[in-house]
Amino acid sequence: MEKDRDLHQNGNLVPELIEAERFAALIAGYSEKMDREEKFDPEVIGLLNRHKVWKAVHGKDGVESTLTQQCRWIEALAARCTSTAVLVQSQLTVGHTILLSGSPLASRLLDEMREGTIWGWGLTEAEAGSDILSMTTTARREGNEFIINGSKRFISNAGMATRYLVFARTSPERSSKAITAFVVPSDAAGLSIARYEHKMGLRASPTGDVVLDEVRVPIESTIGDLGEGIGLALGTLRWSRPLIGAVSVGVARGAFEQLMKVVARSDRDLRAFTSSHQAKGHKLAELLMQVFAARTLLYDVTSRCDASGELPSMWEASSAKAFCSEVAMNVANEALEVAGKESVEVDAPLQRCFRDAKILQIFEGTNQIQKNAIMKELGQVNFALM
Amino acid sequence: MSIDMSNSDEDKRLLRESVSRLVADKIEPFAKVIDETGEMPEELYEVLTKTGLNAATVPSQYGGGGASALDGVILVEEIARGSASVSSILAMNLAGVAALAASLNEKLKEDLFPKVVRGEVILSWSANAPEAEGELIAADDAKGLVLNGKVTWVPFVDVGAAIVVLAEAKTQLGFHLVAIDTSKLKGHLEIGPLESDLGLRGVQLRSLVLRDVVITGEEIVDSKVGGASVLGVLHAVGRAAVAAQANGIAAAALGHAKRYVGERYQFGVPIAEFQSTRAILGAMALNLEAARQLTYAAGNQLDTGATGWGSQDRAPADSAAKWFASKVAVEVAIDAIQLFGGYGFVKDYPVERLMRDAKLTQMILGTNQILDIADAILSR
Amino acid sequence: MEKDRDLHQNGNLVPELIEAERFAALIAGYSEKMDREEKFDPEVIGLLNRHKVWKAVHGKDGVESTLTQQCRWIEALAARCTSTAVLVQSQLTVGHTILLSGSPLASRLLDEMREGTIWGWGLTEAEAGSDILSMTTTARREGNEFIINGSKRFISNAGMATRYLVFARTSPERSSKAITAFVVPSDAAGLSIARYEHKMGLRASPTGDVVLDEVRVPIESTIGDLGEGIGLALGTLRWSRPLIGAVSVGVARGAFEQLMKVVARSDRDLRAFTSSHQAKGHKLAELLMQVFAARTLLYDVTSRCDASGELPSMWEASSAKAFCSEVAMNVANEALEVAGKESVEVDAPLQRCFRDAKILQIFEGTNQIQKNAIMKELGQVNFALM
Amino acid sequence: MSIDMSNSDEDKRLLRESVSRLVADKIEPFAKVIDETGEMPEELYEVLTKTGLNAATVPSQYGGGGASALDGVILVEEIARGSASVSSILAMNLAGVAALAASLNEKLKEDLFPKVVRGEVILSWSANAPEAEGELIAADDAKGLVLNGKVTWVPFVDVGAAIVVLAEAKTQLGFHLVAIDTSKLKGHLEIGPLESDLGLRGVQLRSLVLRDVVITGEEIVDSKVGGASVLGVLHAVGRAAVAAQANGIAAAALGHAKRYVGERYQFGVPIAEFQSTRAILGAMALNLEAARQLTYAAGNQLDTGATGWGSQDRAPADSAAKWFASKVAVEVAIDAIQLFGGYGFVKDYPVERLMRDAKLTQMILGTNQILDIADAILSR
């Protein structure tokens, strides 16, 4: 039924999934250059817009695309360029939050996203990582405006986004009801990017500190109700964690495919039953099974979500994120050993995969946070009924 | 300041502590800039020469420290805690010196050992896996051997310091291990582009293409028809040295992680309080300890010639140490980044460099040691 | 869509899948006793017959049940009793071979199996394990009979089966066309069980040497054409290997469920974010993800097979077998560590799982053989199109 | 025949080889029957006593071998190659003797050490994890301490040989480590059923319930209010001893596998020819070597009191060895069975027993060492 699930929908081939792989092939040529230059290439933005990728991934006719469709797109992109995949993943995450908020702005904002408006997600702060409630950014109301002050750290698409979804305290207590989400345009007076991070991997994806100094936004800028920010952020996780699972599956698959290219150049025949390549062949088989397992776990979670119309349970979303990102790091790591020195040459795709993969175990909740989430729901798991 | 190279067993701890202070003061501060620029600052060579660290294992009659292989391994590890790139100088010399010491060519020793002691040359050799591409073909000539071909993954090419490359040259009858003084090869030498910039930056791994390079008998370390004793020493000590580099990297990662989890607060407590943090940290320390004991056993076996007590089925410690320590170093660095969270992924903190450096120790000399170990056991 | 796949079929709940779990609960009480006594309990045979399990698993109306249905049954059984699961798996394997053979006897033989006739599969010999062509058992024709001579090793259900599917040389050369399959009744003159193995695990499932000394069978006893034995055996692997995957998923799931029982007794609350149980909770989360991944990989392979009507590719069948059996051994092994000393007490289910799990990595082709098979088909794998 | 217990470093190899022959002749032949019956044949105790192996580390002034902890660890490993169950006698005594030696109760030493030497008692202690259930509550009485409670997982209960159980008894003020001579406890002692029959059969792990057992001052090994020095020695040496048992099991598995892959033909060649076989065998040997070096380091640290050179972040070797070696032993045994194929799963071959025995070494003393290591590092 995966064939069914993936390339057919009610018996019809879904052309955009093949389109996703075709489009991904177009951007493959940019990934090493963008990594080296630590800069997202505007040409790739141009391609995304020109090929109407935003329409395809967000859903074309006012209807959100399925989680499976989104994951397939992200996987295809990540197999060629992690940074592009994360750009798309970040927009789908914001898109889902906006939908979830039921904001009166939702329809307009999503339409803009379909045209290529890029957002940054502004939740994390220097001292508020896993511990969101330590957040210190505040929004105080003055007349018809909120005035936001604070500093956000590790903000993806910083400087590239034209809008930020900023989470800020609208109440001082350490409570999940104290925080509200706002849309803040990047050209708002008082908003600046104080610094950019220099990262080991995912280098084309800009990450920066977004500083908000007396930034004024109209009261209509809230996304979701007052005090609903944490609820929205947590609700989004059940959608966004599988999306990171999809980036991970893509990186794992991409590393495996790059490895196969290296092997094809040096080892003509892995098919011989006994040969001087058997140990390498078995290693390839083991890596293949890991990619396969991660992929089936992910799409099992997404397709049950799509079929039921219900979000995945948190333990499922967290499993998709944690399991797939562990596989991605592991496959990328081992692929270098199997491929040998060609894999660590300057600009070799495999060494980029190795550097990119690490962030997958960390962002959207470290894998320790995922295991906490799974641990809390252990009592709900009943494989016999799944 | 000069490091006292006591060759006795009793005070490894003092040796390590005095080196440890030196590393903190004079080496670690350069690690970030070496990684950023890919260049090794001149003064580092001076520090290593002045302290005698670069020539710790050169026999004392040639002015070296006369240290044992075990001491050499400890020194490499300690330097690698500060900068894995800098430790590569020691690692190269450790294996190169051992190979020369095992050579019967006394003239070559008299020429090269004092140069190593004075810091005039680094004894470099290919960090490529032994079975991989790149070889020199040697032909006999009236003047000596004439070499043609390519050596890949040679460290410290074109870094300012002079190097003598210990390279295997194949002839129809067998092979020679030759010492190639690259400073004498104008017009016969082509230096390739940087081969990897993932990690161990500053080591400048490059290929050398040699054209009609004439090598006299005085530059031949060892010649064998069918045997490989000195080359075997070079590789065995090389494996132990790379293992020691890996352990130093892992020790640095563990140290940074330990410090960070004590300082980083989330949910009102240092993250060291969480049992999940402790499970990761404990496993890092445990695996590093196993890697260290394997590596020290390798050093000890290289000194004593012992090959493990009794049993016939023992894995050669140098091969085991190389494979295990370099794998552990990568995993420990990956886990250290995990404990740092997002901060581990950015270049303001050292742990992301450690993950890249560790991966290079795994690639150097290849990853085939498990099959080598099986061959060794099955051939007994 | 797994929900869809598992418990619904074209929108209708499939009652026999719930029935499988209910039936499995009935036999759970027998597993430790059968393990201790090294004997399959006739009461369990009685239950299998009485509850019409054979009809359910073979397919009720002359139509073979789907691979997914068979695997679900086997998983449910293996979660409670590995030996019972392997008994059923062995019958489904023989059933598939008989179907595959197109034998004129097929319909009658399968009807008998639905009524509870038990078969033994007689391929392996002392010196012919992975290397089937080293087989020395011969069948020579004399008039309207074949006369079979030889000795078969590691034959499951030896002494319990009333029929054996015996593979024998009908031609002396080392060729895949030299071997033919025969049905041999257990009461045939000259057939004897020379010895039984005493095993570490799977102890209720009898394993023995089946010796054939001038055993005469009528020429109609061939299953498949002359010389088609190896072809049949290999063809069966694409069906039988996922079945072992299902035993493995069941053992892994069973071990996990037993572990949860132990944990529930000793650790009241794993939900606390920080606690003295967090390390154990994270380990449980890791084991859960392994079981989840194995399960989704298996049912991805089986459901695509069922949807397409085509057998899984060999790389898929071998991945299902190898990946799931590695997970089973690993989960069973680690479960004991997490559970502590209670898990190794006399008759504790977890220590039985630990002993049972090991055979899963070995039979139906060792996992090295599986990796050889995957290695040979690496070039055919294209995740982008799956 | 008696084993020469040289306490010098130089000839571990000879020690091991002489024990190795003894094991092959007198111990390994019993391994299968011990596993089948769960009983330890009488003559094995005699062999161990006659050779002095059971009292190798008893100080020589009490008539023992005076061997170092490192030698003791090597002996346990070698015996475990033949039979892990038999090696448990040595493992128990190794830790028990070390604890007694660290005790200040000279009278108790004078009483018990000669009995150990004469093979009259085994010094047994609970193989349960320290933090697990089962404890003795002690109350002061005119005649001494009065003990009530349960000790679980006590080896060698009711096997014919007499045992003295070293057990922790809690009082309101702290705890006592007491030596309980079970032969003197008629009417005060209840022996539980077999606690595990998975592996190490013949060791007969059982619980002991004590009722109003009076212990005099002469039977108190150590008393502490808030401290735990002798108990710490018992557990530290216990961990090293269990690690050594695990290594012996793994060494046996590796040896059997090596032999088998050379003898088993498939596709016309020994399966040792397949690279996949070699990859498995090489990894087995490699991991075992790491486990051994950790365990020898633990033995060495117990002898010298050293705790690793220099660095502050070293994992205590005994904890690391226990966790790592027992885990490796299980994995090596699992892999050995894999190389045997179906034959590995049946009781005609020894490898399935090794997998069961190995698992017990993992369960003994629990599996919490990683968290202990983290605690040790973070507390510095």
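Assorted remarks:
Every chain is named by a letter (A, B, C and D) in the order it is written, and numbering of its residues begins at 1.
FYI, a residue touches a chain if its C-beta (ideal position, glycine included) is under 8 Å from a C-beta of that chain, and two chains touch if they have at least 3 such contacts.
What you see is a predicted model; the values in this text were computed from it and never measured.
Set side by side, the interfaces A-D and A-B show unequal numbers of C-beta pairs in contact, with more at A-B.
Comparing the CA-atom centres of all chains against that of subunit B, the greatest distance is found for C.
If you average the CA atoms of subunit B and of subunit D, the two centres end up 38 Å from each other.
Between the CA-based centres of subunit A and subunit D the separation comes to 51 Å, rounded to the whole angstrom.
Those residues of subunit D in touch with two or more other chains are numbered 267, 274-279, 371.
Among the residues of subunit A, those in touch with two or more other chains are 273, 278-279, 282, 368, 371-372.
For subunit D in complex with subunit B, the residues that touch the partner chain are 12-13, 16-17, 20, 74, 78, 251, 254-255, 258, 261-262, 272, 275, 277-279, 281-283, 285-294, 296-297, 306, 308-315, 317, 319-320, 323-324, 369-375, 377-378. Within the complex formed with subunit C, the subunit B residues making contact are 267, 269, 273-276, 278-279. For subunit A in complex with subunit B, the touching residues are 124, 127, 129-131, 134, 153-154, 197-202, 207, 279, 329, 333, 336-337, 340-341, 343-346, 351, 354-355, 358-359, 361-363, 366-368, 371-372. Looking at the complex, you find that subunit A touches subunit C at residues 1-7, 21, 76, 79, 253, 260, 270-271, 273, 278, 281-282, 284-286, 288-289, 291-297, 299-300, 303-304, 306-308, 315, 319, 322-323, 368, 370-372, 374-376, 378, 381, 383-386.
The touching residues of subunit D, counted against subunit C in their complex, run 128-129, 132, 152-153, 193-198, 265-267, 274, 276-277, 280, 330, 334, 337-338, 341-342, 344-348, 352, 355-356, 359-360, 362-363, 366-367, 371.
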